[in-house]
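Each remark here refers to the structure printed beneath this line.
A, B, C, D and E are the chain letters, set down in written order, and residue numbers restart from 1 in every chain.
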Amino acid sequence: MTTLNLPTPLALPAPPADEPILRVSNLTKSFGGRTVLDGVDFTLHRGSVVAFLGANGSGKSTTLKCVMGLETPEAGSIQLDGTELSNLRGGELTRARASVAMVFQKIHLVPRRTALENVCAGALGRISGPASVSPMFFPRELKEEAMAALARVGLADRAHEKAGRLSGGQAQRVAVARALCQRASVLLADEPVSALDPRAAEEVMALLAELAHEENLAVAAVLHQPDLAMRHADHVIGLINGRIEYSGEISGLDASMLSRLYTPNRVAA
Amino acid sequence: MTTLNLPTPLALPAPPADEPILRVSNLTKSFGGRTVLDGVDFTLHRGSVVAFLGANGSGKSTTLKCVMGLETPEAGSIQLDGTELSNLRGGELTRARASVAMVFQKIHLVPRRTALENVCAGALGRISGPASVSPMFFPRELKEEAMAALARVGLADRAHEKAGRLSGGQAQRVAVARALCQRASVLLADEPVSALDPRAAEEVMALLAELAHEENLAVAAVLHQPDLAMRHADHVIGLINGRIEYSGEISGLDASMLSRLYTPNRVAA
Amino acid sequence: ETPAKADAQASSFCPNGELKFGIEPFEDPSKLEPAYNVLAAALGKELNCKVEVQVVEDYAAEVLSMRNGKLDIGQFGPMGYVFASTKANAEPLVSFGTADGKLSSYTAGIWVPKDSPIKSIDDLRGKDLALGSVGSTSGDVLPRFGLKKAGIAEDELNMNYAGGHPEALIALTKGTVDAAQINSQTLASAQEAGNFDPANFRQVWESEAIPNDPITVSADANPAFKSAVKDALLNLAPADIEAVGKFLDVSPAGGMVEVSKETYSPLFDLASTMGLTEDDI
Amino acid sequence: MSTPVATLSVPKVPNAGWRMTSILTAIAVFIVFHVFALRGTDFQLSALVSGAEGMASFLADAFPPDLDWDKVVAPALKATTVTLWIGLLGTTLSIPSALLLAVFASRTTTPHPWVYQLSRAILSFFRAVPDIVFALIFVTAVGLGPFAGVLALICHNTGVMGKLWAESMEETDSGPQQALSTAGASRFQQVTHAALPMVLGQFVGLLLYRFDVNVRSSLVLGLVGAGGIGLLINQSIKSFRFDAMLTQILVVLVLIILVDQLSSFIRRKLEV
Amino acid sequence: MSTPVATLSVPKVPNAGWRMTSILTAIAVFIVFHVFALRGTDFQLSALVSGAEGMASFLADAFPPDLDWDKVVAPALKATTVTLWIGLLGTTLSIPSALLLAVFASRTTTPHPWVYQLSRAILSFFRAVPDIVFALIFVTAVGLGPFAGVLALICHNTGVMGKLWAESMEETDSGPQQALSTAGASRFQQVTHAALPMVLGQFVGLLLYRFDVNVRSSLVLGLVGAGGIGLLINQSIKSFRFDAMLTQILVVLVLIILVDQLSSFIRRKLEV
């Protein structure tokens, strides 16, 4: 089980806080002629929580997917810890990606696997060899870490339930736990609390903030609840039709800004 | 196109308001030894919006699925407009079901079909014959009605987009529009606004309230936002571990009740 | 021939504008269809009707379609003919003759490598023997009949179907069996193609001569049609038959010679001895 | 990480003992069956090694392929078009019956458990009857020739495609279909508006797989005198022309690759 | 409803013209191909009707099935076990190669586009070579008998199962796999922890379908001396014992129904 003791990205000395761990510049993406991202620029820093706000269809999920390499932007650069991702190939790229964890809006669990197994799978970037072939062979340390992650999202009692049998909110918590288990230094969460009850949502957001502030992660969360953003985020990015219209302190997010963000705009996009 | 002019349930004279259109009694359901619903009783009345609140896993979705016949309860009765559903068979049951529309927590659109086609499919209970075989043959009236439904949820501009290409919130709006297009007299909505931006959520909830108050539907919506419930619901039902712990006026939902509803309870369930 | 006569023939013998001629492929079907097409063209000219050749891989389909009146003329292997006769009431008209006008024939045989310890059919006990395909006269029924006559039960040796005559021959030449059936026709064509050198092998058993494949029509057919076909076949020039005859190891080929059910009576006996047909025939 | 990784002990898996027992039993049965099978089939890898020479010489006979245009390639192409037509009809004409039976024989779309059992029985029957038997039946009716082959392929293909389609519907997310059923859609509408659109890609893949099988089903075709590329391959074997056989196989290979490309092209088009 | 139903005019479908054109073209091509095919195969339904009598007499020959225990049923059962063993080995022993090639030949799991193309080519090759040809190759190596048949089936089955599995992986929701890929899981881990668990039910279904095909392909195997029920059916046909043939087919039918039940039992167990 030496694999588990490998130095993880978190074990590295943290860079100075003004050095962004993720720098996205000029991200541009369109689907079939419809421009969805139009020159998106932002940075994520260790130790801080960024909330992405924006109306439905404004391009929040697409932004995160581009960062994860799940969509190919037409233009733009993505620098992780100073390294341009488009210059990396194969194993290097995989390793770089492994330091960024993502919670998907569509959850994406394997329904036939148990909650615990799904959470363990988040650690696959760290373990290798026969121990990684089947959940049966997962090292005990990994399973215990996954249990701890499940406990952090309040689902330890359903560890052995198949993911396909969980309620919507329970499944979403498993997805968050899976990302935790990845021990990444950047955490991108796409509406991680949309299916959670209010207390659970509060707790999970507090957990993300704790990860950022105490374990020095860089966290970005897409949220549709401005009040959650206000309570837990350090910085807010507001998207309108694929453009960043607001980026700044949470305090600057006044009512008029919010109203602009969520004004339906049928002309563009 | 006569099919479209058939008398719909809405055309019937509304029964007196104190006569519930849906009466669920003593609903009991367990999955593999875990009791998920434990004697759930409630009624829905035309012209009123009921909000279901409850922690994740408290049994809200299972309750609605039992009403829709998608899960088989171990015990309990479900009466629709005075008729016990378990006494109905075949065509009668299908027709009875068609007067209850559901918005699913998991959306359940057909990704290969366009938004408009998915919305039209909500009307399949009303149309029959060759016109119902393929979206190509859907009558124009139906398509226009579906367009109006899409417009009500603010998605008219994406009518011809394949459902699989929509963003999370856009897809959820299509699911709401599909339920509208069913012209049902009871509307069950399982977290219909979970993926919507705040303004859209407000609008969709207002739309549901309008349907209840102005078109005399009975609406039940599962919500994780007590504030939305307060603004738009007439009645609240609070579930804890598969039991109804609160049922009453929205005003009775005080802070202590809310805190009880959302206190994690790892002992039971 | 006056046009009027030709028309009359066409109407009586050419019901759908064409006659169907089914061929059960025997030993070596390569180039078989073109060869038969030569024969069919000649026959068609005689009958003044298009003759369509259909090569089938198995006599069962041919027999069944003849039984239901869907096949006008059929060539069968000797054993196939037995079934055609009993099941579809086929009547043999002619078969292939040698240059001196006699009915041609062939033999089945069992071969072993030259240095094999197997000296006679009795030594086959406990050995591997490759047969041809199921229901084949020389590839299946005759060798099994030979074993039976020699008093060898079928479970005393390891008999396997190789799938056809050439396959059995390959099994022997590649050394994967101790012995294989090879009939005189396969032998000749394999020898010519350079795939078999008799000097390296030995024949340990040979059957009696079997008359060559008959060409038949349904016995219920119009007698005028039957005799017309028969005359046409008998009138074929040896040159037209040459191509086919080669495959039947009849070289140089003669004309067709007349045959009857009696010509094949040993095969009827063989079939009933081997339990292939009920005794009521 | 300077802070130790948080851990929590893993609770016992419920029913772990019973599950383990049933898994072990299944494995044991599997092994026992295989031991019998290995014995029953004289399985000896050593024979394969010791006979490698024979295979080599067989392959040597086949190389290089005989690319004589008039004698080998042109007839092979011509025969392939015949098989292509037969395969095409054998596949497309079985779509209606296969689709109907598939819908009836899938747990998620069947109108009634009895219909389900009955359709599955019919599908099993169509698969149990070897296609040569169908060929014989149709030969008695329509005589020798490709038509009988087409009819035989239609019957057999109905059985296979119906089963494959039914299973692929059972394995697909039935959520959209449930949504339509609660909207009061009839069974038939649920199928046309949810079940079928969901599995369209798989249906096309399986259909084109069957097309390619049907084109290659030389056994039936040879039997009824339909000719085709299978017959040519057989003839090449029977006359020891392994180099010609290789050419014919290459023609089939090209055909199969084309069908494969078509399959993935259509499935890409059908993607969301 | 007393209030009129709200309506809104439907906007134009983008690219409607171009789409219509391509659909019409596809339909036209389809029709033209079918016209050629119908001609090329002498397709005449009337022939089927006029020959119905012949089919009836064929079936009359087959009924009632010959249930003589010693002469028909017992040998059929015995031959079926042989076929069963051959089919079992031909299926299970091809799992490793088929699985590997399937993973490489599926767009969603392949490590590299070249690997993808190469594996697809290999799969096509295995399907293009008729199983009789494989049988011949192996017969030259290991001699006549069931072993050669098993080897031939393994080769052919690798081609078919690999293709079917690859396509079913391409058609399945790749979300979970993407999630693992972003977690830094290797290709191999993505396959074992997401792709395979997602398609497990389909894989089992297709595997048991192939098992049932392989059991029935003893007809081909009969050609290499592998024996089995196919050989018996063949013998019954060649000696016109259609009543015995029917009995043998019934034995196969029972086997197929059992395999089918097993398939749906396992797939139900695998359900979430």
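To be clear about the criterion, a contact is a pair of C-beta atoms (placed from the backbone, for glycine too) under 8 Å apart; a residue touches a chain by one contact, two chains touch by 3 or more.
Bear in mind that the values here come from a model prediction, so they are computed numbers and not experimental data.
Taking CA atoms, the transformation carrying subunit A onto subunit B includes a rotation by 180°, reported to the nearest 5.
A count of C-beta contacts for the chain pairs B-E and B-D puts B-D on top. With centres defined as mean CA coordinates, subunit C is found 77 Å away from subunit A.
Chain centres here are Cα means. That of subunit A falls 42 Å from that of subunit D. The distance from the centre of subunit C to the centre of subunit D, with each centre set as the mean of the Cα atoms, comes to 36 Å. Shared interface positions of subunit D, i.e. residues touching 2 or more other chains, are given as 51, 54, 57-58, 132, 136, 140-143, 145, 234, 237. Touching of two or more other chains is recorded for residues 58, 60, 64, 67-68, 70, 164, 167, 170, 174, 176 of subunit C. In subunit B, the residues touching two or more other chains are 106, 157, 165. Every pair of chains meeting the touch criterion is listed here: A-B, A-D, A-E, B-D, B-E, C-D, C-E, D-E. Looking at the complex, you find that subunit A touches subunit D at residues 4, 8, 10-11, 116, 140-141, 143-145, 147-152, 156-157, 159-160, 183, 215.
Those residues of subunit B that touch subunit A in the complex are listed here as 31, 54-57, 61, 105-106, 154, 157, 165-170, 173, 191, 194-201, 224-226, 258, 261-264, 266. Per the touch definition, subunit E reaches subunit B in the complex via residues 1-3, 5-11, 13-14.
Residues 33-34, 36-38, 40-44, 47-48, 50-52, 54-55, 57-59, 81-82, 84-86, 88-89, 92, 107, 120-121, 124-125, 127-130, 132-133, 136-138, 140-143, 145-147, 149-151, 160, 163-164, 167-168, 170-171, 173, 201-202, 205-206, 209, 212-213, 216, 219-220, 226, 230, 233, 237, 245, 249-250, 252-253, 255-257, 260, 263-264, 267 of subunit E are the ones touching subunit D in the complex. If you check the complex, the residues on subunit C that touch subunit D are 20, 22, 25, 28-33, 54-58, 60-62, 64-65, 67-68, 70-71, 164-167, 170, 174-176, 189-190, 193, 195.
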